[in-house]
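What follows is a pair of complexes built around chain A, which joins chain B in one and chain C in the other.
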Partner chain A sequence: MNKRWGYWLFFAALFLAPFYLTEFRLSLLGKFLCFAIVAVGISLIWGHTGILSLGHGVYFGLGAYCMAMYLKLEASRGHLPDFMEWSGVRELPWFWKPFAHPMVAIAAAIALPTLLAALLSYFTFKNRIQGVYFSLLSQAVVVVFVTLFIGKQEWTGGTNGLTNFSTVFGFSLSSPLTQIVLYWLTAAVLALIFVMTRRLTTGRLGKVLIAIRDAENRVRFLGFNPTVYKVFVYSLSAAFAGVAGALFVLQVGLISPEMMGIIPSIEMVLWAAVGGRHSLMGAIMGAIVMNTAKSFLSENYPDLWLLLLGALFVVVVLFVPKGLAGIYESLAAVRIKEKRGHECEARVDVS
Partner chain B sequence: MKPVLMCRDVVVDFDGFRALQGVDLVVYPHEVRFLIGPNGAGKTTLLDVICGRTRATDGRVLFFSHDITQRPEYEIVQIGIARKFQSPSIFPFLTVWENMELAMRQDRRLRSVLRAKLTGEEKEMMAAQLEKIGLLDERHRLAGSLSHGQKQWLEIGMQLIQRPQLLLLDEPIAGMSAAERERTGEWLHEMAEHCAVIIVEHDMDFVRRYSKQVTVMHEGKVLCEGSMDEVQQNERVIDVYLGRGKNACCASGM
Partner chain C sequence: MLIDQLFNGLSVGSILLLIAIGLAITFGLMGVINMAHGELMMVGAYTTYVIQQIFAHHAPQSAGMYFVIAIPSSFLIAALLGWGLEKSLIRHLYHRPLDSLLATWGISLILQQTARLIFGAPNVAVVPPSWLDGGIHLFGAVFPYKRLFILCLVLVIVFFLYMYLTKTRAGRRIQAVTMNRPMAACLGIATPKVDAYSFAIGSGLAGVAGCALTLLGPIGPTIGTYYIVDAFMVVILGGVGKLAGTMVGAFGIGLISTFVEYSTSATIAKVIVFVLIIAFLQWKPSGLLRLRTRSLD
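The block that comes next holds the complex of A and B.
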């Protein structure tokens, strides 16, 4: 019960943020909530199922690019996007054309990452490739996509990525009101994904996932096919990342290959690690706290961030494997014990 | 009576090493079949083949009328063969109750697991089963925190609640106290009221006490079959065990 109140309070605070944060801080928080959506997916696959993916940057990036393609076309008002003209392209490539429809863009932002994740995970998990080998494979996919997106400048905008958008559904992206609405949308999506994932993990599925994490072979001998379950949660987490990417690009106004690369992919894992990968709320907190720290530090000491990130990773892995959520839980456990202690004393008094 | 299980001429070849060299085994409903034999005889490998963990290089395994020789493990479990491994393999970070919930006979496809909720009937069944294995009071504990013997019992409970038609046990009493062994032995025959059991066991006193039919394996082959008394009289069995000297695992008991 206590926990549930905490959740309500947290999401209420998020929804009220436009009333107490400056425009600048709100835009930062909006961005962090996108990251929090990714972190929920990471917690689902890593904390609950034991799949360490170092490739979620790609799913995030794909979602973001899909949305960005629509924004770019809307900003170009029927002309070719600027970067295509500079690269000497004469006609809009065929695969860009459907993205003129926002609904296609949104659908693709979810479907493409999901499909890519499903393919990758199906072929690896079916062949019982696990652990570190899967992590490396997922990272190889990042390298392939980043290289592809940089190389195909005339289609993707190259290293600069896609930017200079103007409107979404005809509303100006620079207007504060649009930004607030987008913030609320992001907070709502995060709440929805949190509630949905929590239901999944507290139900029987969650137990199957924990069982797969701890003894995959044993799960097979209970008659479950772990491959199906792993492909499902992995693809679901990629869908979350795709949605997060789409919301991100709407608020930040830019997506480039750098943002889907290896370092962002590792950062995503770190958010969950710092927050506590076994806990969905921990992962959300991890994403918010880490990115707050990052924006503070990179405003003041830009070079320090990567070093600190590395150090933090080592510290968390070695000393706080359960992250912030773990610290919170042990504090709560102490409190419960104290309370129980009082109850026992009380009972002794009565008798 | 129709046999539950028929293994015909099963061969397993591990990169040139023939762990099983043409094994035939027929098990009937409600039978408790003991598999004995020196270390490396291929007993575990035979169980592995039956439950799909190891693929047979040659030969066939029939479960009632299903040919299960090439089926994946999870399908073999779904049609009614349960396997218990040598070391207790419960899920340490799930509670006793949750362990039972996963083991319970159910539709194990993703789409039904997504919607699954315990019915009152299922809860009663799980509680009854836990009561039988003496773990009802421990149901909210993490399985990882149980004692070794309790873990063994939990695992047996998990096999039973699957309601298998064939149960494969690999050295189930290893690490149990004398009292626990006795309970397990009595249980074996209670289990046999519901299903057929194949049990690998090294402890000859235990085999003598609880066996009817014994199959002796040696170097990947079935040496002989019969009651413990018959088997002990068998020349070839005596040769094998005596030939291996006193160090052979079962020699002292024979």
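The block that comes next holds the complex of A and C.
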């Protein structure tokens, strides 16, 4: 009961943020909430199912690129996008054409990452390739996509990525009101995904997932097919990342291969690790805290930031594997113990 | 043309093998993914750079000989670093492979940034020894000495490693631990010690790989990340715990990627090679060759 009130309070504070944050801070928070959506997905697959994916940057990037293609086409008003002209492309490539329609773009931003994740996970989990092998394969996916997106400059904008957008659904992206609406949309999506994932993980499915994490073979002996479960949650978390990417590009107005590379992908894992991989709310907090720290430190001490990030990986893994949520839980446990202790004492006094 | 491609493929394969062979030891033995492997390579490369600078300043008449010293010193320094890493960090994480992956990635970030602070972010060039300039002209193709040297170096290392693992006591202990850790421990092998020195050997080999890479081009703090993902693919493809598998994997990926690259483009080649690896794993999920064990979980 207590916990539920905490959640309500947290999301209420998020929804009211436009009233007490400056425009700049709000745009930062909006960006972090997109990352928090990714972190929930990572907590679902890593903390609950034991799949460590180093490839979520790609799903995030794919979602972002799908949305960005629509924004780019709307910004070019029927002409060829500027970077295509620079690369000497005469006509819009066929796969760009459907993205002129926003609904197609939104659907693709969810469907493409899901499909890619489903393919990758099906073909690896089916063969019982697990653990670190899967992590490394998912990292290879990142390398493949980043080289592809940089190499096919005439279709993707190369290292610069896609930027210079003007409007979405006819509303100017630079107007504060649009930004606030987009922020609310992001917060709503985060809340929705949080509730949904919480339902999933506290139910029967969640139990199977944890069993898969702890002893996959035993689950198999009990007559479950872990492949189905793993493919499902992995694709679901890729879908979350895709949605997050689409929301991200709407608010930030830029997506480039650099944002989906190896380092961003692994940073996403760190958010969940810092917040507490087993806790969905922990993952959300981890994403927000880590990115706040990053935006502060990497601006003021860029040299120090990478050292700190590296040290943080080591420290979290070695000393606080349960992250912030773990610290909170153990504090709460101590408090409950103390309370109970007092009750016991009180009883002793009475008798 | 065909010979050219073939040689290129072998050359790329030999570089991959040089990097992957250290990984095969650490990964095969302990199941630890050492993401800092690429940075240990970088340490080797910078060691070579420093030694070359020292030679150029203090003994210019024998500057070409620096390479002879650079190879063992980069091995030693990287091995020492790896040993320290195992003692301080990795040994606490043997039962949590995914966590060890993250922790070593943190180490790799720290090492990269340290290199950036010491040597600067831009790449530095190591002047290759003059006796490796030029090449052999054969069948209308040119075989550069540098690439031939790397190829030979790899073969020599594989030979010695094979001899070490199968013919010496220390090596056989490594094999015993790889095959069955509890049983090896029961028979009186000090597995923590074996872990420490085999990790040191794996790291040292990474150092040698870094040293060899200085022959091919300028080096920088991020040199490790270029190769590391491919090297992991080699290990996955080759199967864990067998040197032969790693060899076939490395030359296989090297040859296929150069041929695909030749007929398409570098970017498409990356995609095709990755799809081929996934397709291959459908057929042999545990890689080409692997140690047979009966353990399940």
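The rule is simple: the second predicted complex is superposed on the first by the 349 of 351 C-alpha atoms of A that agree within 3 Å, B and C clash if a C-alpha of one lies under 4 Å from a C-alpha of the other, contacts with A are read in each partner's own complex, and residues count from 1 in each chain.
The rule we apply is simple: contacts are C-beta pairs under 8 Å (C-beta built on N, C-alpha and C of every residue); 3 or more make two chains touch, one makes a residue touch a chain.
Bear in mind that the values here come from a model prediction, so they are computed numbers and not experimental data.
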Contacts of A:Gly203 with chain B and chain C, given as first, second, both or neither: first
Touched partner set for A:Phe232, first chain B, second chain C, both or neither: first
Touching partner for A:Leu148 - first (chain B), second (chain C), both, neither: second
First (chain B), second (chain C), both or neither touched by A:Met103: neither
Comparison of chain B and chain C by chain A residues contacted: C
Partner chain in contact with A:Gly223 - chain B first, chain C second, else both or neither: first
Touching partner for A:Ala273 - first (chain B), second (chain C), both, neither: second
Partner chain in contact with A:Ala215 - chain B first, chain C second, else both or neither: both
Interface residues of chain A shared between complexes with chain B and chain C: 215, 217
Complex contacts: residues of chain C adjacent to chain A: 31, 33, 89, 92-93, 96-103, 105-110, 112-114, 116-117, 225, 229, 232-233, 236, 265-268, 270-271, 274, 277-278, 281-282, 285, 296-297
Chain A residues touching chain C - in the complex, by the definition given at the top: 46, 50, 52, 120, 123-124, 126-129, 131-133, 135-137, 139-141, 143-144, 147-148, 150-152, 215-217, 262, 266, 269-270, 273, 303, 306-307, 309-314, 316-318, 321
Chain B residues within the chain A interface of the complex: 51, 53, 72-75, 77-78, 82-83, 85, 89-94, 98, 101-103, 108-110, 113-114, 116-117, 158, 162
Residues of chain A touching chain B in the complex: 200, 203-205, 207-208, 210-211, 213-215, 217-225, 228-229, 232
